[in-house]
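All remarks here apply to the structure that follows.
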């Protein structure tokens, strides 16, 4: 099994005919994801990916015609919040928003609508998720994965790849790898993904990748200490050398007022039973030291 | 993006908020002219003016950047002194001149993006005039919080609740109206933070000579959401070029995220988290990063070349570490950019390149043909770069 | 409150909606001047103008109130003819003059308040140009519905869904934008209904002579929420006094709700539901109510007196029925108003009064002392009033 | 027992120091309603009604200090929608809004917030409710009632009084009388009140008062036919002689496009097993004919 996505995923890609949307849709399809529909307003009735995927004008129509239950959004920043609302209104319960550069205030009503609808949003500004062997939604390169039982959750994109590659190189496969995104207003925090991993019988270990800014890692650590005490847990926090008051690329990655430092996150994670790596390459060794034997 | 107090106040005034009058002066004589006006204003209860340095760093008061003056001559002298200051490395190019307020009571009120709740949050306190972080330590019970509704904003009742909780006394209506105005300012400008400190009850003199009290925004700090700048074309004018490195401008042009640091190892990475990690590993290997540089997703050769120019513009840079994990970004594109950049570069700086992920094999071939120093792992790349920098320094 | 097509179009234009040009003319010569302009407009693909009576009743087309003209002379004649019309009892004081559109396809689109869902609802159809009630009967499947979100309004995706469902074809983007604009018009003006019929694809001529098609609001009907008129001071100018009885103006001044009817028994009641019931019972007793009149809650003597004047202004009135169930309204206040009103009234009309509820006993004493005809129940009051009216008529 | 209000009602009056608010609050207190608090911003700390009722600045404070669980709103039209939101945010679950003249569009987000919070709003532009012998909230004169087991629901104000008076005169007491208001956007429709009556063991008969406009009576009738088949039911519809296209006082009372006529409502009610009176005074007789024996 896995979390968020898997064999029962029926994916609709919003913005499938755009440059990025088409490129990554092809990769998802090649990975074996059940990509059943695309949406581009005005292109309803056409097909995408060499005739393999029907394109609809609206998500509602895509859901009605194809039974799509998961959405992946590549719509540009100006239209992406609306695209999330459209997916919610069409009854989609699992939504990945890859789009970056969305103004933070635009997302506030959107995450509230997602919450009210009982749906789940990953992102925006996230790389998506992969459940190795069954489905890949988003932009994480499929080649870095290996099927297994380690759950990976991360705020970053390429740093996630780095960590996953290290695991795979060491022979540690993953149940699901989730990039939750680095924006200040995101649909799912680390803790939300931890809750899913905790309930997943096939996830037997946990890798948490965080970075400076906010207190999401600390909250996740506290939850894991209570609810995942017996699960081998390792973590890596980026930004130990980041200066205060500077926004390190991610809108969320900023240390302000002495809050959100790497040091505070590392100590919170260690107190919660995580082994914290100094480099992503250390993660496999630490996971074995934590008692993980797969 | 941070903006100056005077610009922040203009944004507040545009939303109908009460802000005492001010003028911005670039020269002592402009400051004198403004002072003459405010010293003669019968509403000015103190009979003095305040002159405040406009710089985008905190602690300007302690640095001598905020001073009073009682006469036009004094105002001119004070302005000249402040305009000659450099505060935390930034030159003072402008001062704000306004009537010196007779403060009856100082409050604190701000609205900011609260990531944990995914809502906008008001922070208020009857202990104004000091940094809220300090109040949070010395008297946390004096701070009140109120979240805006994600769909309704701040309804009147919530603004009243906030005003009563802070304790504006007779000024509760004004306090509630200002809270609503701060939210409007936030939304109208796509700000991350709108902070009024102090929000103060000041005493002014009516035309008939009797005193009158009102609640006003005495200072203002606003930071804008960089992701939303494109839909506020007017905001680009508010950018303080003095507070920016010229490289920042260049970086923006190529859609690069570049932050100059103090070290000597230039870093070029795709992805913010990986860029921070690269810095961390350089540090761990005994080196100091010269910058944070995220070339973003899907970077093409020209963007890579621009990134390389930015790094080399820093004379401190003694070695360069390129770390690319190709997802969207194609490794061979980056390799081509690097080869092109090195062909053009004036200064010969050792470079260590690690490219993995999408099209890594093609990249490796290109780099090998061009005799680049490469590394398989990030740890190895960091170690090699640090060694190269030390070698260059020796 | 209903407003004229031309005013409705102005409200649409204020929200950026596409409306072909028009002018309002009060005289045939003004109409001619406008016609000259539009006849000479190279964009005008038909080479004709349309002249439309501005009256607040339906069916103006069938009444000869909408006609085309091909020349300035013809336009002047047609305008003169229309300005001489009286449509369903209303004089035509103004005409709208515009280019006659070359219609490619007609749609229907409106937004209105849907009481059942407590939301705003769009109604759209690819069968435009006919009344939507008729389409609802002849081809209900051709009508599509879409509710606005009570908190978000009409997000872009919902506007697109509506546009695709209606079937605007190549004009779907324009259709979605117009839907959003109609909602803005609704909200900005506190309207109950904004109806575009037809919303039409028209063919115009470009400067280079080639034809171009666009989706435009060809006709517009807007009704405004009476409860919100106070916060839109400009809307009072849009009121068409010609469509109003002078008594309506008087009623508004005293906060009375007055609707003139065809019968001979004047009714004065507190509360809308009870006022309707009183009319129903008059009818059941064999009479015909001369009006609906709700004096509202808490009416004082002066408002009662004004209500009485309104009733007596109608020469058809042969008897008056006063029915007051005091809750907020105090019976003795009403009685005093009635006594005062009768003292001033020129015309002697029989009156039957029933006052129950708050201070009914005091009212009864006052009325008895003044020799009013009273009734204990509403049925009895209705019967007595009908009898009195018949007596007066006999 | 009763519905909506009763012995456990702890009432806060929003706008208690206004002219109407004070007048009717006094009447409610005299009737025996547990009026525990008033709210007028800026008058917190004062008292109202000769010192009998404490006044607070906010509803939240009133709830916290007095345990108020029901609100009655007399705030003027400009502030009344906000007053409803305030009551909802303070956790009040039963809210009566007496205020008239509120622009319809203002109420749309408010009724949605009420719904999302799981609260119940009666009105606006309604006379309130009385559970004879225990509590009265709003402006219905207390003197017209008699304790009993007939549930009364009505869109109108004074017409309700007329009907209730007729019942009382005939010796037929009421469990609860509810005026739901005549505005186009109201918190509770006839059907919502019927559901409460159907679940109330002390309500043994039903009087429904409606008027022209909308389809609320038809919907209520259909529901009653299915769920209150064995309950004696009578109705009265005002506006049989109202002309089409004219708004008869109530913003909602308008016949348009041939819809919302008295005739259609009467026939729907009769089809659902209601006896429909020609005059409010006929209601008691019809109720007895329907088998009601109290």
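Observations, loosely collected:
For clarity, chains are labelled A, B, C and D in written order, and residue numbers in each chain start from 1.
The working rule: a contact is a pair of C-beta atoms (placed from the backbone, for glycine too) under 8 Å apart; a residue touches a chain by one contact, two chains touch by 3 or more.
All values reported here derive from a predicted model rather than from experimental measurement.
Minimum number of contact steps separating subunit A from subunit D: 2.
Subunit C and subunit D have Cα centroids lying 29 Å from one another. Subunit A and subunit C have Cα centroids separated by 55 Å.
In subunit A, the residues that touch at least two other chains are 109, 113. Residue positions of subunit B touching 2 or more other chains, listed in rising order: 151-152. Viewed as a network of touching protein chains, the structure does not reduce to a path, ring, star or complete graph.
Working note: touching chain pairs come out as A-B, A-C, B-C, B-D, C-D.
Within the complex formed with subunit C, the residues of subunit B that make contact are 151-152. Listing the residues of subunit B that touch subunit D in their complex gives 151-152, 155-158, 160-161, 164, 172-173. Residues 113, 115-116, 118-120, 133, 150-151, 186-187, 190, 192, 225-228, 231, 257, 259, 261, 269-277, 279-284, 289, 292, 294, 297-298, 325-328, 356-358, 377-379 of subunit B are the ones touching subunit A in the complex.
Residues 20, 24, 77, 100-109, 111-113, 127, 139-141, 143-144, 154-162, 165, 182, 184-186, 209, 211-212, 214-216, 219, 236, 238-243, 246-253, 257-258, 262, 278-281 of subunit D are the ones touching subunit C in the complex. On the side of subunit A, the complex with subunit C involves touching residues 41-42, 44, 57-61, 79, 82-83, 85-86, 89, 109, 113.
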